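Got a structure for you, questions after.
Labels run A, B and C following the written order; every chain starts at residue 1.
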């Protein structure tokens, strides 16, 4: 084989090799169509949220392209003047932020122990964590509703946080342990020789080096909690309900609702979308590391 | 065979006493500065679900009481959480003096738990003077009177698009059969007679309740509500057969009902491009019409009473808010008496948003013709019953996707299967009424 | 050392033991008790689960979900990941496909419910379907939805409005129609007129809108204020089904069919006059609802599969494929013998993650279906919520359903644990 031929072939990417017979233009066209298909749902919701109730009830959002005069921010103005929605928006923050913080802290502590400390039964305990990764949260709904009722925290924001933290921990521990084991042992050894305690190693070596991993976890957990509906549906009341529950109750309510629904749904998406676009690298990393290692 | 006149006959004496009392109170309130009435220095706590405009209007009612009694009244809203909020407060030993409850079941439960104070003789007399027997019964639990119904809603209103009715030459019908004739006139003119939004089943249960109350009467209605007669009873067959004459007629009912939400069905009738001419639901439809913004209630959006079926007397299905008291003191009693008087309701009525079940409220005070008509239908009904699905166990009457709601959706889709529907309802009820 | 480890582990272990492990045990025990928890009922709840219609539908639907959704997401993800490498804007494409992962299933549900609405005026999918259909010659009738007046000897036979009795030449056949909106009648239409007497070989008549705006008039008679319906095609049909003559109505609704023989004809207004046109597909009906919800799921999760597989692809050592090609293997062989096996660990991870996720699907099924198709769309997690919290108040059955979910994820758990142990050994 001539060196030149090998060189040329080596530059071919795998995909090109697999689908070498497919024309590049065709691929571009297909993917453009796919991308449009994927964008239309979100775009439709966004445009719906900018139309009045009457318009939404009598014609589709696409008519906005022919009659742009329909555009109005009325729905958002109404939404922000609606105490139920604004209250639930705050509730969502009050639930999602502490949950994320606690999951990260507890997960990092345990992740460090699993990665670098030796103690009897470590592997078995880790297997338990891996098993818990897949446990459907449905198995805890009935007993925890009961337990929280007895403790007097049923319907409170604290109860929802507790639930999310507990069910976020297996993934957090697993993810962070995997990241932490990749930190070079020499760094920890050096710190230990300097007489640093495990706590100091954790704070001064592990946490700074594990920063990207922790960011990944935090983003993942934040979105997960922000978007939750099932847990909140059961464990909150009208005073502590987050946006998802407030919006879904509009689906079932008696009054006019398409205005609240579309604008509300879009409002609930704004924060996740900002987080996603700002930190998508970390988000992808969390997925990759969490499940692939 | 409930008689309103019967009560009017034997209560004038007590009524006169109350009238004198309230008049005296009024004169006191107006002459003396606030805070120096009979109950000056007393502070009462009142809670209800109302917020926003309703809260402001109710606070005006309370202010009138403050003025005449000298007591100070604080209002708190518990939103949708009457049961949990009151439960917590009772447990903590600090219930409000008076609360407004939207569910008779909650009143009954609080009464049987011994948390409520029975009405004083004077308050009972005021209720007897001002309310028809249906409301007296609804405010009682196990033979003792606890509640004063302050606000009511009328769920026996059939809303129609006046322009479409006029164009078709249709008019408000005399009874159910005429109703079908009028809807046919509308259908001939190219529009669907009626739009139904059956995405979730509750509007359909309201349909059934109205027809059943008309055909079977109040006594049977109560028995069915309490599941003392089975859903396989012949009286249910009669009601479902009547519904089937309409629901089974594709020419009259707009297609696609099963996937239409209730607000959408209002838009189908009163929106910019109406496709149907009639929509059935409670008085709150007026709010949906106003939200939609294409029709004007009282001008081209009017209603007629739910048509009489098989020659029945006027009957209204509805709901309301009942005032109950938790404390045994003179100031609380005075407030309860005040709430039972027409004067209390007359503070709110002109501001809009209140339909009073009080017979002696001056209907001229209602802010528009439509709200007056709603109120007159309510107080003029020979029979008034609470929405049945609010009185049954929630597994049966209050849950999307199952029980009463879901079975009525299936019946709408296949109105020919009356027997099967009855059996399904009976099975669901049998399971739900176990506890 | 042990104590230090315990110190680090304590918060997590306490929470996991108290809020995850203990509840599992509780739910297992609870599933053998009655609705209110008062009586031990043995396996009753599990029997109910498979015999009760609504729970059985839920279980059956979950099986459909597990069979369809993970495969569809993985295949799409693989396809996207492979094609991605051919385009310059791959980052943007990844972002677009992956973005739905960030939003809540509730919002996704609201979106898809709106998109698949039945009315082509409101739902974008049916709007597109109807538009495409229209482009291929869908109906554009003048008087959609018209019906004959009843009891005047006319029938509506699948859209064809015809006289019940056959008519001979020289007679008059009239068509009073209803169900046409006044504003749908063309401006050229005039007051309906009685057609002149038919000559030999002719059949005449009038087609009119038998409604007076504002009411009045006698049904079936041409009164003042009733307009003729112009432009309606009228056929004279022989007993054999052959059309003997055809014509159109004039501004006053009159028609004259000429050149007829001595036999009797059925006079018919063909369906093309009244065709309401294609109204799209009833996506949210019981039959299609699960397909629509699965579609929304794919919209969300295909991006996950794509990102995972793309990163797997980029990690593969390309020299093996090159070597195979040198040996003369074709592209399909290279893919199936070399690429796919190398990629299989990633594919398994994606697949297992999706199965775990699909089994407990809740939000989408809770939000998307309208009431009438809710029972048809039911899945275990929704049924579990309904029976234990949504008004069913049967926490015994609810617990049994939760345990069923747990049992269904067991294989995935075992795969996860095995994989972990293999990695430890290597």
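One rule holds in what follows: a contact is a pair of C-beta atoms (placed from the backbone, for glycine too) under 8 Å apart; a residue touches a chain by one contact, two chains touch by 3 or more.
These numbers were taken from a predicted model, which means no experiment stands behind them.
Enquirer: Please work out which of A-C and A-B is bridged by more C-beta pairs in contact, and write that pair.
Expert: Of A-C and A-B, more C-beta pairs in contact link A-C.
Enquirer: When the mean CA coordinate of each chain is compared with the mean CA coordinate of the whole protein, which chain is closest?
Expert: Here the chain at the core of the arrangement is C.
Enquirer: Compared with subunit B, which chain's mean CA position is the farthest off?
Expert: Here the answer is chain A, farthest from subunit B.
Enquirer: Using mean CA coordinates as chain centres, what's the gap between subunit B and subunit C in Å?
Expert: Result: the chain centres lie 38 Å from each other.
Enquirer: Counting only Cα atoms for the centres, state how far subunit A is from subunit C in Å.
Expert: Taking the average C-alpha coordinate of subunit A and of subunit C, the gap between them is 28 Å.
Enquirer: As a quick test, compute the distance in whole Å between the mean CA positions of subunit A and subunit B.
Expert: Taking the mean C-alpha position of each chain, the two centres sit 44 Å apart.
Enquirer: By residue number and range, which residues of subunit C touch two or more other chains?
Expert: Nothing qualifies.
Enquirer: At which residue positions does subunit A touch at least two other chains?
Expert: Within subunit A, residues 57-58 contact more than one other chain.
Enquirer: Quick one: which residues in subunit B touch 2 or more of the other chains?
Expert: 200, 261, 400
Enquirer: In the complex of these two chains, what residues of subunit C are touching subunit A?
Expert: 1-2, 4-6, 8-9, 11-13, 15-16, 18-24, 26-27, 30, 80, 82-87, 92-93, 95-108, 110-112, 114-115, 121-124, 127, 299, 304, 307-308, 311-313, 316, 318, 321-322, 325-326, 331, 334-335, 339, 345-346, 349-350, 353, 356, 359-360, 362-363, 366-367, 381, 384-385, 388-389, 395, 398-399, 401-403, 405-406, 409, 412-413, 416-417, 420-421, 423-424
Enquirer: State the interface residues of subunit B toward subunit A in the complex, per the touch definition above.
Expert: Touching subunit A from subunit B are residues 51, 79-81, 84, 200, 202, 261-264, 266-267, 271-273, 284, 287-288, 291-294, 400.
Enquirer: Which positions of subunit C touch subunit B when the two form their complex?
Expert: Residues in contact with subunit B: 35-36, 54, 117-119, 145, 147, 149, 178-182, 184, 210-216, 282, 284-285, 370-375, 378, 386, 390-393.
Enquirer: Where on subunit A is subunit C touching in the complex?
Expert: Residues 1, 6, 9-10, 13-22, 24, 27-28, 30-31, 34-35, 38-42, 44-45, 48, 56-62, 105-107, 109-110, 112-113, 117-120, 122-123, 125-127, 129-145, 147, 162-163, 165-167, 169-170, 173, 198, 202, 223, 226-230, 233-234, 244, 247-248, 251, 261-262, 265-266, 268-269, 272-273, 275-277, 280, 283-284, 287-288, 291-293 of subunit A touch subunit C in their complex.
Enquirer: So in the complex, the part of subunit B that touches subunit C is made up of which residues?
Expert: Going by the criterion above, the answer is residues 166-170, 185, 187-191, 198-201, 251, 256, 258-261, 394-395, 398-403, 405-406, 409-410, 413, 434-435.
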